[in-house]
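Each structure below is given as structure tokens.
Shared between the two complexes below is chain A, which has chain B as its partner in the first and chain C in the second.
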Partner chain A sequence: MIAVLLLHGVVAGVAAASGRRLGRFVFLLTAIAPAATFVWALSRAREILAGNPVWVSWPWVESLGLEISLLVDPFSLMFVLLVSGIGVLIMLYATWYFGDTPGLGGFSAILVLFAGSMLGLVTADNLLLLFVFWELTAITSYLLIGFEDKRAEARSAALKALLVTGFGGLVMLTGIIILGAEAGSYSMSEILSSPPSSTVTGVALVLVLVGAFTKSAQVPFHFWLPGAMAAPTPVSAYLHSATMVKAGIYLIARFSPAFAPLFAYWQPLVIGVGLATMLVGGYQALRQHDAKLILAYGTVSQLGLMTAVVGAGLPKLAFAGAALILAHALYKATLFMVIGVVDHQAHSRDIRLLSGLGRAMPLTFWVAVLAMASYVGLPPLFGFIAKEAALEGMRLAPIGVDSVAFFAVVLGSVLTTAYGARFLWGVFGTKPPSPAHLGGQIERPHPMLLAPAVLLVLLTVSFGLVPRWIDSLIGAAGASLAMPDTSFHLALWHGFVPSLAWSAIAVGFGLVLFWQRESVERLQSVTDAIPGSERAYALGLTALDRGARWMTGRLQVGSLPTYSGVILATVAVVGGAMLVRAWPQDMTVGFADSPLQIAVALFIVVAAIATAVQKRRIAAVLLLGAVGYGVAVLFVMYGAPDLALTQVLFETLALVLFILVVRHLPDRFREPRQPFGRTSRLVVSIGLGTFVGVFALVASNARTVESIGFEMAARALPEAGGRNVVNVILTDFRALDTMGEITVLVVAAIGIAALVGQGRRDHG
Partner chain B sequence: MTFVLITTVALLYGVGAYLIMARNLLHIVIGLGLIAHGANLLLLLAGGAPGSPPLVGAEAARIADPLPQAMALTAIVITFGITAFLLAMAYRSWILHGDDVVEDDIDDRRIARQAPSKDDS
Partner chain C sequence: MMRRSLIFDVSIDTVFRMSLVFSIFMFFAGHNAPGGGFIGGLVAGAALVLRYLAGGSDGSQQVGARFAHVMLGTGLMIAVATGFGGWVWGTEFLENTGVGAELPLLGTVKATTSLLFDAGVYLVVVGLVMEALGSLGHEVER
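Then we have the complex of A and B:
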């Protein structure tokens, strides 16, 4: 299994390297990876369906509970077959879809990387690993949508998809971590076999659901999916209808049987969001003029239905969900390929411009009719079986809001029929003659361009006529989700069950809606003014942009005094807060050690204040020197003659340097006005001074253990052979410090040489 | 640790901070020097009570802690290095502009001015 995954990476590398030489035929190369996966999955299918899932585990970051553990049970197997099977067809399709477009090498490499990531996603057992693959699909999706990077529309659509699903992914990661902590394991199979039921788990699951909703384009995050139609059609067919957008459904389907019984909010939330998405998507699909957007909103609608069906967590609906997922992938990929073919031949997807295509390309037309019939749920196609199973399951489900949910699904079917008919009529129908129409000169597509769609539609038909062929896979997939001991079989004919009648009613009403399409459109234009979540997204982005600029303007003011002020104030405030927390029990502090100390301290204080108020540079410098000498006296009195000596030496040296520089500078200070004015400076400096004073008080009373310095003093003579302890510390015990100090001096010296050695800049 | 010394350290820091927030490079250097003096004193104070110089053999009284002294000594030398470097910068600034005032970053000011405007999106 891991080898199969790695193969995708290898093929991607080869494709990226050889893309230029192979041109569009690079897709035949990349098809190797999904083809190998498909063959591998088929070879293991019997074993997996018999109840022996493929299980691989490889430790990765054990401290994080992250391991590469892959588990292929029947439900995963169905996805693996979908991802790889449709993957092969998409690659074949892409070979004849693209002309001699530049950049196909990179494009095909990303496409095959996506296939690999998607495989990882549906087989990962470790939730953290699942998240890694989840985000990989989001990134590859971003790159694929933005393939035509010269178009601003494609770029913004790609970004929108990435931001929305990336946001959801991060929320989901938070949920996964909480869930993992609550369950004590990140293994999905372990969590689901003994699900935690704490309140915290309930919150974590909502977060996970947000991730699933964004990925599967559920309300209110659905708007990114129609935008993603800016991608080349093979990408739309593969990622945005058949595979990636089902990742959220996959996760919900896995979690629902375990968690729906534990949390009361689960069913209302998931089913509610799903049904709302179904209706919103269907409603929007009914008013699009771009045929690809009809399909996109149709996908949103169907994803909503699937979410609602698998979200109930009931065995019968789990089977129906598995059937729906497979059926949808088959007919939706077909329809996307068809619209790609139309676009390729007629160079338009606008149903107001297309006319008479049914006669111009009959084979394409009939493929579309069959796929759409499956979509709408007409017998004897596979879509009919799946939809009947879903309707019957919904009708019988012991859900609190059962009748509402059931009628919502029926209403969704009405809409599906209406926009399905609109799609067929719009793309292929012959309309009253109009100068805007294309047509007449449209050639039939290359057989290989249509072949993948034909193959898919043949599957739709044969699974519908002989459900036995797919029964074992769907049955086992549903069973691996819900209860292993329940059995379920697909059948074309269930007898005259009520759902059949409701299906017929839905189709009838749908056709009425289509027939009355002009009044429906007029009615729909009323809702234009209602702001949607896409508007919220745009406003959010603008606000973020503006906020960032405001923040930058406030923080990065470009004024050195302001920066220093902020830093010093932060030291005082944060440090002060820490001091309050570390306040010692009892503190002892004398007034002064000796009268002389008072005198010297007074001298220092007066000199220091004088430096600040002094207007003449030379005087300020001399006063600084005075402070330095005063401090040296304090050092002597504190029992530190070495320190005093060094202080006097370097103070003198510094004074010489100061004089050398100040000699050139103007006599008096010039202090231009600045936003960080005198008052702010005073406040910050008083705050900092107070903080340091309190810190000195607390720090000197905080000692709990005798200083290591006395141990050093005791060892100075026997171990280092020196009597002056300070010198021994500098040259022996802490010689590395001294080394660092010398390095600082060297660096400073080099800098000074560079600054002073440069000549005057030529202003001419 | 005495009240007098604590006040001295606090004042050195306060005045130093005030000068660091100035526009003159020379004021900034002087401010840094004052803070450095304060820091060296603080190191010594935080180390413990004063005593006799830490020399082996001078058993007369309790010796002062030698470790803070060693640290402060290193700090003095490094302060000198930084002072010298900043002075060289002030000198360079004088060569280039005839002054040592640190002006605002013009680009940053422009961004700050743009910030409140509402006409962009």
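Then we have the complex of A and C:
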């Protein structure tokens, strides 16, 4: 499994390197990775379905509990097959979708990385690893959505997707860490087999759910997904069907059976959010004119349904959820490919402009009809079977809110039928003649452009007619989520169960809504003014921008005294507060060890005061040097030759460099001006001076354990072979510190060169 | 161009050379006596300052600036490489190993990786001083 994941990385590298030469055929190269994954998954399928999941584990960062542990049970297997199978078709489709667009090499590389991240996500057993893949899908999808980076719309859509899902991911990480701490393990299978039930766990799970909701575009985070259709259509098709948005569903499906019984809020929250999303998405889909947007809001709606179904945590619904996920992936990928074909041939997706396409592209039309019929849930297609299972499960579920939830699902189906019909009519229907209409002279698509969609729709039909073919996979997937011994079977015909009647009612009402579409549109224009979460996002982003600008304006005033004043005042205040808190119990202050020390100290004090009151710059620099030499003398008295040597040398060099700078400046200091005048300077200086002085006193009294100095002195010769302890510390015991210091020196040198060079250019 | 005194030039030159030798001595002495890469580098830096103030930049500025970059880079590289060497041949990053040998005339000679590391420190310090002189000491004759 690890090899399969790595293959995606390798293929991405090769594709990025050879993209220029291969042009659009680079997608045939990248299809190797998902194809290999698909074959691998099929070859292991029998074993996995028989109850022997594939399990690999590899240590990574042991101290964090992060290990590369992958677990492929039947539910993961279903996702692996989906991600890789649809991945292959998407890449074939992309080969004929893109003309000779530049930049396809990098694009295909990111696409294959995206597929690989998704595979990692659905197979990861370690929750931290899952988070890593989770964020990888966010980053790669950002690059995919923003592929047409010259269009501002694509850029802002990509940013929106990244910010929303990235925010959710970070919230989820917090939840995962709390959960891992509570459970004592980051292994998902371990956590789920013995789930912790503390209150803290409850909070952690809400955080995890926020992550899942953002990823799967649930209300109120749903708005990023319709925006993400700014991506090239192959990406949309992949994003909406098998990947990305299914990640949240995947996680909820995994967690629900274990946690729904433990936490009373789980079912109302997850089912409530799911159903709300379903209705909002369906309602929005009904009023779009861009056919791709109809599908995008349709995805939002269907994701809501899936969230509600898998979120109940009941065996029967987990099973139905697995069927829904598969059915949705099949028909949604098909429909997006179809709309891509239409866009490719007619150069428009606006249902007000398209007309007569059903006659111009009959095969495309029938593919769309079949996929949409599965979408709406008409027999004998796979979508029907999945939806029947969900409805029946919902109706019989012992959920507190059963009747409300059930009728919400029926209402959602009404909306689905209505916007499904609107989509078919809008894209392919022949409308009353109008000069704006396209169509008529539209060429039929290249067979290879349509082939992936045809293949998918054939699967939808055959799984519908012969559910036995897919039954073992769905059944095992559902069973691997829930407790064992709960096996269900898919069937095309359940007999005259009530859900059948409700399906028929939903379809009927949906068609009525479609028939009355003009009055519906009038009604919908009334609700336009209601602000939604997208508006909140836009406002938040603007406020952030404005706040940052305000803050920058306040902080970066462009005055050196102010900058240093703020920094030094911060040191004095924050450091001073810490000092007061850490005040030692008893202070012993030694006065002086010899009269000579008093003399040197007096010299230093006098020189320091003279520096401060000196009006001429050169004199001040020299006096400052005198202070430094005085300190060096003190070092000598205490028997620290290395320190004293360094101090003297450094003082000398600093003096010279200071003078080199000061000679360019006026002879005398300028009178301090506002906004950082004399009084403020005095306050800051005295405050800082007091702080440093007191700090030295407190620090010398703060020792609580034995000094390590003796230890170092004792070990210097035997362990490092040197008699000079200071040097041994610098180059051996604490060599890492030294490395850091010389790095700072190099950075400082670069800074000097850059600043002086810049100043010289500025002033000629 | 400033009028130059011959005596001044010659004596500065002598002191400069002696200081450089002294700085190298300090560098090697650091293992067992006061000294080391930092101090050695600072001594060399002080020597450079002396020469700089006495002789000005006199045309060597361009060369000096480029040389300073090379020194800074080489120094840091040596230090980091020593660290990785410790990793590869020892057990820890920056671990110190060394060999000792008896050589004629010189007596016991030891070479340790920490000496190499210290050489990196030395180069960086000297490079920093040269860089600062080259940048800030622009047109020192004025």
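The working rule: the second predicted complex is superposed on the first by the 590 of 764 C-alpha atoms of A that agree within 3 Å, B and C clash if a C-alpha of one lies under 4 Å from a C-alpha of the other, contacts with A are read in each partner's own complex, and residues count from 1 in each chain.
Going forward, a contact is a pair of C-beta atoms (placed from the backbone, for glycine too) under 8 Å apart; a residue touches a chain by one contact, two chains touch by 3 or more.
If you're wondering where the values come from, they're calculated on a predicted model, not measured in any experiment.
Look at A:V661: by the touch rule set out above, it reaches both chain B and chain C.
Taking chain A as the reference, the larger set of touched residues comes from B, when chain B and chain C are compared. Once chain A of one complex is fitted onto chain A of the other, the partner contacts of A:G565 are limited to chain B, with no touch recorded for chain C.
Looking at the shared chain after the overlay, A:M637 reaches chain B, while chain C stays out of its contact range. Look at A:I598: by the touch rule set out above, it reaches chain B but stays clear of chain C. With both structures placed on the common chain, the touch criterion links A:V726 to chain B and to chain C.
When both complexes are overlaid on chain A, the residue A:K150 reaches neither chain B nor chain C.
By the document's definition of touching, of the two partners only chain C reaches A:A735; chain B does not.
Once the two complexes are overlaid on the shared chain, A:T652 sits against chain C while remaining clear of chain B.
Shared-chain residue A:R522: touches no atom of chain B or chain C. Where the contact sets of chain A with chain B and with chain C meet, they give residues 641-642, 646, 650, 653, 657, 660-661, 722-724, 726, 730, 738, 745, 748-749, 752, 756, 760.
Residue ranges on chain A touching chain C, taken from their complex, read 641-642, 645-646, 649-650, 652-653, 656-657, 660-661, 720-724, 726-728, 730-732, 735-736, 738-739, 742-743, 745-746, 748-750, 752-753, 756-757, 760. Residues of chain C touching chain A in their complex: 30-39, 42-43, 45-46, 49, 53, 65, 68, 72-73, 75-76, 79-80, 83, 93-94, 96, 98, 110, 112, 114-115, 117-118, 120-121, 124-125, 127-129, 131-138, 140.
Within the complex, the chain B residues that touch chain A are 1-24, 26-27, 30, 33-34, 37-38, 40-42, 44-48, 50-57, 63-74, 76-85, 87-92, 94-96, 99-102, 104-109, 111-116, 120-121. Only residues 542, 545-546, 549-550, 552-554, 556-561, 564-565, 568, 589-593, 597-598, 601, 604-605, 608-609, 611-612, 617, 620-621, 624, 627-628, 631, 634-635, 637-643, 646-647, 650, 653-654, 657-658, 660-662, 664-666, 669-672, 674, 676, 680-682, 684-686, 688-690, 692-693, 695-697, 699-701, 703, 707-710, 712-713, 716-717, 722-726, 729-730, 734, 737-738, 741, 744-745, 747-749, 751-752, 755-756, 758, 760-761 of chain A touch chain B when the two sit together in their complex.
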